[in-house]
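Presented below is the structure to which this report refers.
For reference, chains read A, B and C in written order, and residue numbers begin at 1 within each chain.
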Amino acid sequence: MRDGTPHFFARMQSQRHLLGLQGMHPSQIVPILDLAESYALLNRSRKTQRDVLRGLTLINLFFEDSTRTRTSFELAGKRLGADVINMSVSTSSVNKGETLLDTAATLNAMRTDLLVVRHAQSGAPALLSQKVDAAVINAGDGMHEHPTQALLDALTIRRHFGHLDGLTVAICGDVAHSRVARSNIHLLTAMGAEVRVVAPPTLLPGAINQLGVQVFHHMAGGLADAHVVMMLRLQRERMSAGLVPSAREYFRFFGLDAERLALARPDALVMHPGPMNRGVEIDSPVADDARHSVIAEQVEMGVAVRMAVLDLLSRRRNET
Amino acid sequence: MRDGTPHFFARMQSQRHLLGLQGMHPSQIVPILDLAESYALLNRSRKTQRDVLRGLTLINLFFEDSTRTRTSFELAGKRLGADVINMSVSTSSVNKGETLLDTAATLNAMRTDLLVVRHAQSGAPALLSQKVDAAVINAGDGMHEHPTQALLDALTIRRHFGHLDGLTVAICGDVAHSRVARSNIHLLTAMGAEVRVVAPPTLLPGAINQLGVQVFHHMAGGLADAHVVMMLRLQRERMSAGLVPSAREYFRFFGLDAERLALARPDALVMHPGPMNRGVEIDSPVADDARHSVIAEQVEMGVAVRMAVLDLLSRRRNET
Amino acid sequence: MRDGTPHFFARMQSQRHLLGLQGMHPSQIVPILDLAESYALLNRSRKTQRDVLRGLTLINLFFEDSTRTRTSFELAGKRLGADVINMSVSTSSVNKGETLLDTAATLNAMRTDLLVVRHAQSGAPALLSQKVDAAVINAGDGMHEHPTQALLDALTIRRHFGHLDGLTVAICGDVAHSRVARSNIHLLTAMGAEVRVVAPPTLLPGAINQLGVQVFHHMAGGLADAHVVMMLRLQRERMSAGLVPSAREYFRFFGLDAERLALARPDALVMHPGPMNRGVEIDSPVADDARHSVIAEQVEMGVAVRMAVLDLLSRRRNET
């Protein structure tokens, strides 16, 4: 996997880190998806590429728990031969900004090459990236971005339709609090897809009109003739905060069931970043419907996309 | 370790997973013990066999804490060259059945080859095994089974007596709640040993008479002329549940001390799955008596047995 | 790194473990620092030495949380090729002495080669070392010692001044409760440095006069013409215990700011074992002053020193 993709390098020179997808150009996105696709094939055939990151240190720095995402990066790093270290830090013991910078100094001193960061505060990975020598990969920060999630979503979609441009993608649910939605909107619009968001007004961000998406407040309109129906997880704390009346009510108006899915195209994909709240934002028969649901494939592409990102960012380090 | 044991393969074809020992035939058990014995030798001489599981992914999926068992499987996997990932999941955040199946889908998508599962609910590993492509190893499920514990116990006994058939093994204590007891009963009776259980009626399972064991309510009778005295850990919550009057009382009637051990054969082995409640189910001098206690050897054989199980199950996967 | 240092071996024969620095001779300390210095160079050039600990098992047994120290040892072990296993044990679930010995038996049985121990009780690593076959490295025990911290501090100082003898080192703050201070005092006095402790009487240990240090109760006197100003972390619980009036008061009398640092030599080093309480024991501008602060370098030398210690102790094991 060490050959080629020269066009990509020209672009990536300016890009030491993967902090978000806002403002990214297709010429930066496509090579990641292409490389990830090759890694997906290698993973299926159980071929590993231990030389790619051999001798490099990857630290998973998680200020928020996320077994799935941490495991996905850990697998990606190990399959490419990195030394992977998990650092879970409870934010309660952290004194905001200053200590985050002390953490950065510590990681530098330990000679960290690749730093995967999840943090409850938007912008924390960007702040760290200014202070560390490592390439920083944002694994989700507050309500900001979760770029590898959007990349794996894009790869999953591309594998089914062959392309992203011209597709209609409906992102449904708690858009306001979702870094997954935000990253997907940036990537999909950059790639020429038509993005719709479907949510009650209480679950839409204020600046939604500047994101280049169509807004729907009803599933019927939002799902009509869509190629992709992407459901978002509803955090239970949204209900206690009064943004949503109840799980039952929410499902009645914004949950995905077979009847609603029938409004989309017959070959529509059903996606969910996981973990699902079955019966809240998605009905079990739809989640498990092999004709439409690509939820497991998203997880599979997740490992492949993370391998591609780690590989590409480590190359850039080696060359500078 | 890649050669031979053809007889075993014929039998193991039907056995993709190691979920329990109930119904297992000696021809399935003996090859595991034989291979484990070779791994025990390799471990002592610090020789590793990194090629055995190279490129394979082993996930330790623990819904219950168990530092010892998790560490034992982690060591076994690493010594055989697997990529080992620890996933600790608190059951509190899990919504029973459905989410367990979503976890299975995730593990499949991540291309897990070997899945070690501990769960508070009996049958959870079996449920997972129906949904994952990985070979599933039950590392303890509720009050059901803990097969690698019984295998390591059997190996430890066999190393001392040379065989299992014809031996008298007394399993003492909280049989009702013990998956260790259950797996041992299945294995030892299958191998031709005479199994006795020694417990107060409140700590015996209802169906004990169908397990092919002799039941004793007093240590004196149960231990008489036994080759092996296997003590079970008394969970402290049994006392608050009123099943046992007090730790002191329990020790007086069902604890193992030197006087009681003298009723067994002079060369009797003292076993305990650990961690011990010294002074509750076992007296310290007995636990530390080098003439009888093989408790540390059980731990050593634990790593070896797990290496053998991982090796054999991965072979089967490679061949199908 | 497998060659030479014969003088060291003669001395190290008696030293299977690294439990503390009290009573250590320069001929035992210098070879560790020398080897660590070579590892520091290798780390900077991203060269690993996987053969050094290949096939050996390193267990990080942490009864107290410490992400930094655990990570440092984990990195050190992995860069040298060991199988590294993290065991975090909450002391709440541990029944003091006896169970610690059962843990030792378990670690032996699992064939642990190198055992890194952190424990809230002084002497716990020493107790373990009597019962395990592994080489034990004390990673901090109660108020006793933290030898690798003092070694990394010494290496950091030596890199700047070329030697340790004749230097004046001021250790400031909560000396009474600090294992870091204790190990540093032993090492630095053994190496011929002049050690001063600067603290209020409530934060000095009773036996301070027997440690061969000069005692100061005011920063002004303690820092005058010092080569090294080593600040200690003030645990917040000291305040609730009434040993210190308040963080603000403490900083006023014993915090390090630029004005006080000016009393030391112009080329004085500022050190801190981390994590810092900025504004409590150290002012941010001083902590970040690149002319004086070597706090990040301490972390870097930490990995190198731990590699050296693991390497040397594993050699000794192989030769006996």
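Structural remarks
Definition applied: a contact is a pair of C-beta atoms (placed from the backbone, for glycine too) under 8 Å apart; a residue touches a chain by one contact, two chains touch by 3 or more.
All values reported here derive from a predicted model rather than from experimental measurement.
Under half of the residue numbers at the chain A-chain C interface are used by both copies of the sequence. Superposing the C-alpha atoms of chain A onto chain B requires a rotation of 120 degrees, rounded to the nearest 5. Centroid to centroid, with C-alpha atoms defining each point, chain A and chain C lie 40 Å apart.
In chain B, no residue reaches two or more other chains under the touch definition. Within the complex formed with chain B, the residues of chain A that make contact are 43-44, 46-48, 67-68, 71-72, 74-75, 78-79, 274-276, 278, 284, 295-300, 302-303. Those residues of chain B that touch chain A in the shared complex are 55-57, 59, 83, 85, 87-89, 95, 98-99, 102, 105-106, 108-111, 113.
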